[in-house]
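Just dropping this structure here.
Think of it as A, B and C in the order they're written, each chain with its own count starting at 1.
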Amino acid sequence: MFAESPLNVRNKRIENLFRILFLMMTILLIIPVVVILATLIAKGGSIISIDFLFTDPTNGMTAGGIFPALLGTVWIVAVALLASVPLGVAAAIYLNEYAGDNWFTRIIQLAIINLAGVPSIVHALFGVGAFVIFFGFGTSILAAGLTLAIMTLPVVIVSTRESLRAVPQAFREACWNMGATRWQTIRRVVLPNAVSGILTGVILEVSRTAGETAPIMFTGAAFFLPFLPQSVFDQTMALSLHLFVVATQVPGVPENLPFGVALVLIAMVLLMNSISIAFRMYLRGKKKW
Amino acid sequence: MVDMSINLAAADMMMASLAQGPVKLGVTDLNISYGGIPALRDVNLTVKEHEIFSIIGPANAGKTSFLKALNRMDTFNTNMKVAGEILFNGLNVRNLKNIYALRSRIGVVFPLPVGLPLTIYENVALSPRLRGINKTSDLDVIVERCLTRAALWDEVKDRLDSLGSLLSGGQQQRLTIARALSQEPDLLMLDEFSIAVDPVTTMRIENVLKELKQDMTIILVTNLVQQARRLADRTAFFLEGECVEVGKTEDLFTGAVKDQRTRDYVEGKFG
Amino acid sequence: MSEIDSLRASMTTDFDSRNMDWYIDKIVQFLVFIAGISAIVFIIGIFAFITLEGFGFLLEDFSFREFFLSPFWEPSDEDAPEYGILALVAGTASVTGLAMIVAIPFSLGAAIFIGEFATGKLRESLKVLVELLAAIPSVVWGFIGLSIMNPLIIDLFDVPVGLNVLNAGIILGLMAAPIMTSIAEDALKAVPDRYREAAEALGATRWQVIYKTVLPAAKNGLLGAVLLGMGRGFGETMAVLMATGHAVNIPDSLFDPVRALTATIAAELGETAVGAPHYQALFTIGIFLFIITFLINLTADLIVRGIRKG
């Protein structure tokens, strides 16, 4: 066999050094989060119970549960999804199935990147200017949901486009050759094979939407409301804003309360993400062609 | 009014060849280019009803481009430019109001079989569904008839619910043919269908084509000259974007050719 | 019937007519086109609406000198309100800068490890972890700054208050890192394998391959990742609102509390009357934020697109 030259030995050593260095960096990136999660569980776990989830806050939000906030988040997320999923899927269909490779498409892509990159507080300002004032929705679930819908539209567009792109072109051509219109091809062959990928993106969007705070602060979410919302034109409490409120705005809150709220919020978001990731992996393992 | 004058012009042109049977397809001065680079130059030919018309020639002869121009697949490729006149059933395919209807009349089979990621049943039922046939009993009849004619029914009749895209290559090619037949086409175009298919399946498909000739016109693009000889009534020889000659298949193979290049190709001196 | 008549009869073709499916196709094409351009409409709409709301301020009270150069943000002073964002810019810059110092080496290191060293299950699990990290909501990060980092900083450095540049910078760094990691890893993945194979065929070790071949080839993508991470940090709101200490201040040290541009809007918009100069001034900050992030995203896009073309 070949004898290891001193140079080779040195190179190997350098390589191992860097391997370990980068591994440490990766671990250091992850450790704080593990510590944080552990702390949240340690300090907030004690308060979590069925009652906590399903009762109203009491004593000026220093006791009781988080039910109105949880329900409000569900309302806002539902409105946001109803608006952004059809629009985002349609936009992705346009980009992947109709648009050519030209400057106009590039401008659309740039707009999508920017929509994702504009600070959330600027989306909030837009929501106030457009939905609350201009369209006259007032501070309402509708205004908050629509603001979040526009903010998370890129998530739907990008993930839908990815899954449309994964459908081989030969299938489309086979359909076109049979006399199917573009839309018939999309509806009968492309979409059915992309729908699970789209769903993965939608779940991801749910998680994004549920965690956002700044865009809903002035458009529809309230610090405290003594009643549950009856329609999309009502204000509501929301879980993310509730965490901000009990952590910073209410005096005399027992320590485990905000930790409990944070734990519920993070569990909700991570659960959604995990479902989305697991779903994606399951799909990757399933062969259809 | 424009369409009418085209019809009359077409009628004049077709009168000449009427003696040998009605014309299905008339191609006049067809030119195709991709991004300015010509792929097919000044092609003139006619295809008659109920014949198997084969196009032979080596790679890059422009055979596939010819098929794409016939069913207007250039609408999906902005790079592809087509000039000239193609009359299908007497209508110029370049000024149709509804090119989807044109394509639904033309069945196409590709070199590489494409089983759609639908069940075998839905692969064949798709075209009828697109035409608005949705009754299960009607679809059952169509699916069985098309799969039988494509010589695939016996192999798949017990698993019509499995995915068409997961069949073997030879089966997928017959599924593709069944799907094309489900369109009830006037014209069936096959583009080197045997490339990814075993010899036994090739023979079975060839036998199917001989039967189908009773009901439709068939254009068979092939790089196997013997396949053209076995099947085709008339044959065109394409070479490097040029239609070198068109003639009765038996003439081409018995040496009655007008162009030396045709003889050389048929005899296997190149290609 | 004569022969020409029978030919004509066969040519009176019934197939070339527009049916319902043809019209549906056209309508759908129109609808998805509208959806496709909606992103452009929204971007223009965002700019238009925040400009509309901030317009009054821009016309009347706005002074370029005061707005950008005064360190005094005193909009609620009844006699002489002052609208200077210099301190707020300093707050945002110091926190974002520290965040980048924290995040860039770690996320690039992690991206290299995940993309180039790790294989199989390890790689998949690390990618999932990074993805989960990126999903933690900003208000939770803010809460962590407030409730975990704050006492920790007080203990470790013996300072009276732990809500400051250091706290917010680390929090923001942890937030930006997973995003930068996954974009940087995409950039490394975009380097074709034949580059690596060619270098390995010459006998280079893996690190030499990375250092001499992969990193130079992925340079633009990595720069794009850094810029996008920066844009994210710059525009972050809830975390900096909760972890900076929220005091208008040009910081001298890591332990000074500061206030960020975004946090100012979040904290004050609820207290102002619609149409008041203060309200309009907050929208003017929004215009400023919009323009800066737009430029960052545009630059990142141009840089990343550069490698795709080359």
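Everything below uses one rule, namely that contacts are C-beta pairs under 8 Å (C-beta built on N, C-alpha and C of every residue); 3 or more make two chains touch, one makes a residue touch a chain.
Source: prediction; values computed, not measured.
The chains in contact with subunit A and with subunit C alike are B. The chain pair with the larger count of C-beta pairs in contact, out of B-C and A-B, is A-B. Measuring from the averaged C-alpha position of subunit A to that of subunit C gives a distance of 14 Å.
As a whole-number value, the distance joining the C-alpha centres of subunit B and subunit C reads 53 Å. One inter-chain figure worth recording: subunit A and subunit B are separated by 49 Å, centre to centre, where each centre is the mean of the chain's CA atoms.
The multi-chain contact residues of subunit C, meaning those touching 2 or more other chains, are 21-22, 25. For subunit B, the set of residues that touch two or more other chains comprises 100-102, 104-105, 130. Across the assembly, subunit A contributes 181, 184 as residues in contact with two or more other chains. The touching residues of subunit B, counted against subunit C in their complex, run 7, 10-11, 14-15, 18, 22, 89-91, 96-98, 100-102, 104-105, 130. Considering their complex, residues 21-22, 24-25, 28-29, 31-40, 42-43, 45-46, 49-50, 52-53, 105-107, 109-110, 112-114, 117, 126, 128-133, 135-140, 142-144, 146-148, 174, 177-178, 181, 205-208, 210, 228, 231-232, 234-238, 242, 262, 265-266, 269-270, 274, 282-283, 286, 289-290, 293-294, 296-298, 301 of subunit C touch subunit A.
Subunit A contributes residues 100, 170-171, 173-181, 184, 188-189, 192-193, 287-289 to its touches with subunit B in the complex. Listing the residues of subunit B that touch subunit A in their complex gives 71, 73, 76, 78, 100-108, 110, 112, 114-118, 126-127, 129-130, 163, 165-166, 176, 179-180, 183. Across the complex, subunit C is touched by residues 11-12, 14-15, 18-19, 21-26, 28-30, 32-33, 36, 39, 87-88, 90-91, 93-95, 97-99, 107-108, 110-115, 117-126, 128-130, 133-134, 150, 153-154, 157, 181-184, 186, 207-208, 210-214, 217-218, 240-241, 243-244, 247-248, 258-259, 262, 265-266, 269-270, 273-274, 277 of subunit A.
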